[in-house]
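See the structures that follow.
Each of the next two complexes has chain A plus one other chain: chain B in the first, chain C in the second.
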Partner chain A sequence: MIRRVMSADWLKIHGKGLWFLAGLGPLGLVAMQALNFGLRYDYIKQEYAMDLWGALLENISFFVPVALYLGSTLICSLMANIEHQTSSWKQLLALPISRVTVFSSKLLLCLILLTISCVLLSAGVMILGLVLGFGTDHIPYGEIVRIGLWPYGAALPILSLQLWLSLTFSNQAISVSFGLILSIVSLFSIYLPEWVPLVWPYLAWNSLQPMFYSIFGILLGMLLLLPGALHFARKDVI
Partner chain B sequence: MSETIIETKGLLKNYKGRAAVKDLNLNIRKGEIYGFLGPNGAGKTTTIRLLLGLIAPSAGTIEIFGKDLRHEKMNILRKVGSLVESPSYYGHLTAIQNLEAIRRILNVPKSRISEVLDIVSLTGEEKRPVKGFSLGMKQRLGIASALLGNPELLILDEPTNGLDPSGIQEIRDLIKRMPQEHGITVLVSSHLLSEIELMANTVGILHQGSMVYQDSITNLQQRAAGEMRLVVSEPEMALSFVENRGYTGVLQNGTLCFTRMNDTTVAQLVKVLVEKGHAIYRVEERRQSLEEFFLQVVGGVSHD
Partner chain C sequence: MRTLGRVLSAEIVKMSSRYLWLLILASPAFAVLIGMSQSEEGPISWEFILSVMGAIHGMLFLPILSGLFTALLCRYEHHNGGWKQLLSLPVSRGSVYLSKFIVAAVLLAAVQLLFLVCFLGVGWWREAGGPPPWEMVLPRILGSWLATLPLAALQLAVSQAWSSFAAPLALNVTFTIPNMLVANSTTYGPYYPWVQPLIAMSPYGADGNFGALNLPLESLMIVVLGSFVLFFTAGLLSFRRKAV
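Let's look at the complex of A and B:
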């Protein structure tokens, strides 16, 4: 059942900029660091001579949470807007499929796109390091994979929230501005207490127990999906 | 009597305390083309949304194919094709891709796409992005989408909206063929009685959320067919005389008005009046148009 709905959704997202966005995010982060390292190459090489890979990861890690939030916000919004734009909900939801299936299909597609982004990020970091001549002797494979996946897991609560907002309000200005505000606030993660879920993607890299924040994020994200899906399944479709 | 396809009991939908549809008891039988009529804001679209499970009723029950919509929604919707209000489409996709997106969910054979495109005469335009379609073409695509799953019940909300005269004719013929050729039951809404009259067998007139008239089109046409008017000498005497003989009429500005009657009855009426010695100056039939009838029915309900 869900496979059929997903294959329909797969067709609908063609030419809507979702694939482009999924590629642009990681590419942008990597390009930014390429510029940063390119311009200050000599200085950085001196300063971090011991751990060039570590320096690259640390520099990029600062921007990963905000990129994840912006990415989730825009992907959810673009995805939902395909149905809002010409009020296609009334057609889609009058088909013989449950609303929970429709909701899950949209969720899975967002997750797939973001996963692709995160894998691309890891790949991009690796390629950048090699291009900058950090050498192949000490490639921190584990860390490189970790920077792609753990902050992603920790960002799931916000993804759940954005998905629900985008699906619920046909005016995408609402979900997008909310997502933008969250993204900007997340830039100040260091100043926020650790129990604020918004901070978890940052902590999923910069803390003593990064994995825990990722796991908390996944759990809370799943928990937040329930009321969202339930509301979507019951609401009046106008 | 053939089986009932749609049955609602005491259907009510409140929007912020105001009833958009109230105490609606629909009964639509298999193979029927049911015309759902009402002025703007009467509650036609609201009723259709309720029937499709898009919105939940505030009270009342809906049974389609004899099954409760609340409990067997998926089984019901599998056999229903619908078009609600303005056409829904994905503008960036072509007509074929639009239908394919629905086909993947309905799981019908691919060949069905070209079949429905052919039915609504969109063949030749199917490879263009739909955002470049005219309103009528989008409407046709919407009807094609409704037909895609080989439905047993077709629910069309103002399907001829935005179509040109030949398009209206085409869709009307298409709708009329549905029960004959495929045994499909059709519920079609409109705010034009003249349009419903040309395709439906049964008509239900909705006004401010309530059903104010429901009957077969033939009966409706008879009811609306008008009255006989006679201008005679000494009209008061004439009226009481014919009333004693079983005719029921009224006196309006010196004119005798009777409800519609057949030719023999008219002949007899004139004969008895002549024999009684009344001079007959004029015998005329005043036909009320269906639109007038519609306005009378709709206007006759108090505005609360």
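Let's look at the complex of A and C:
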């Protein structure tokens, strides 16, 4: 059943800017670093001569959490807005499918889009490094994969929250404003204590035990899905 | 003129929702947190407080708020055929568009005023030396507001065109996030419209003249005025030909 619902959702997201956004995020980040490195190439080559790949990863890692949060916010909102915009929740939920299936299908589609984004980011970092001529001898494959995937795992609590908010309120201003403000606050991760989930994508790259924060993020994200799915299953459709 | 006043008052009624005040409060409140927590060597100066409080406010909040406010202004009309209803009234499209822009500008001005109050409050609480430096802060508040208007014009143009709430904001943040890099670049910074609010806000101007409007005149004329004219005209033309 979920496959059929998902294939319907798959059709619905065409031409809504979702694919565009999923590609724009990683490409934007890589393009920013391309400019950054391109403009200051001599300086950076001098400063980080020992570890050019490390310098690239470090520079890009600063923007990954905020890009993940902005991406989740906008993707969840665009996804939920397909039904809000056309007032077709009634129609969709009147079909003989469980609401949990509808919820899961939207969730899985958001996850697929973000996963594609994160894989594109890793690929983009790799290509940028090669184009800038960092050499093929010391390509840190593990780190390149890690920068795409681990902060993503740690960002899942916010994705769950945003999906819940976007599906609940037909007024997308609420979920989008909330997500944008969270994204900006996440730039101050260094000043926040480590138990705040908002900080985890940053710590999933920049800490002694990065993997833990990614795993915590996945667990908390799954935990937060429960109230979201339950609420969606029981809420009145207007 | 009379219709403009009426359309304007209708827009104000539409915008007086509860959530809006939270948005107006968000940036100054965040700036207060930063202003209270950062410290420097020796006695605190007004310039230092303005630079730490204005950094995120000018770099991220002002551009993003300009997008949020304009998206909110068009939200009512995108739902349930509001454009049809509004434009079938005996009002010109130009006055509808202009009144929406005026409301966005007024909301941004409210944010700036609140920011000014918070700035003075933080300075007083942290015992910054001397009386409030009006001639330093007022041109910067005004200048960053002026520098935000072109962004609001662009966002209004895309918000009226795209019916989704999130899509114009995606455009907005795509251009706003690079601010964090562009702000460091002396070559490209002066020509990137999204970073102008930050440049206008910064108390440590390139030439160090604290009295004048902080934007260099050249940058103000070319970038701010030029992008404003371009974005506003493009938006207005597209709105006049918009099929509803």
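Odds and ends about this structure:
One rule holds in what follows: the second predicted complex is superposed on the first by the 238 of 238 C-alpha atoms of A that agree within 3 Å, B and C clash if a C-alpha of one lies under 4 Å from a C-alpha of the other, contacts with A are read in each partner's own complex, and residues count from 1 in each chain.
As a convention for this text, a residue touches a chain if its C-beta (ideal position, glycine included) is under 8 Å from a C-beta of that chain, and two chains touch if they have at least 3 such contacts.
Note that the structure is a prediction, hence the values are computed from the model and not measured.
After overlaying the two complexes on the shared chain, residue contacts for A:H138 are found with neither chain B nor chain C. Once chain A of one complex is fitted onto chain A of the other, the partner contacts of A:V237 are limited to chain B, with no touch recorded for chain C.
Of the two partner chains placed by the overlay, only chain B lies in contact with A:L11; chain C stays clear of it.
In the superposition on chain A, contact of A:L93 is made with chain B only, not with chain C.
In the superposed model, A:I181 lies in contact with chain C only, and not with chain B. Looking at chain A, you'll find residues 16, 85 touch chain B in one structure and chain C in the other.
Chain contact summary for the complex, chain A toward chain C: residues 16-17, 21, 24, 28, 32, 35-36, 39, 63, 66-67, 70, 73-74, 77-78, 81, 85, 171-174, 176-177, 180-181, 183-185, 187-188, 191. Of all residues in chain C, only 19, 22-23, 26, 30, 34, 37, 56, 60-61, 64, 68, 71-72, 75, 78, 163-167, 169-170, 173-174, 177-178, 180-181, 185, 187 touch chain A in the complex they form.
Residues 49, 52-56, 74-75, 77-78, 80, 82, 84-93, 97, 100-102, 104-107, 142, 145, 149 of chain B are the ones that touch chain A when the two sit in their complex. Residue ranges on chain A touching chain B, taken from their complex, read 4-5, 7-8, 11-12, 14-16, 82, 85-98, 234, 236-238.
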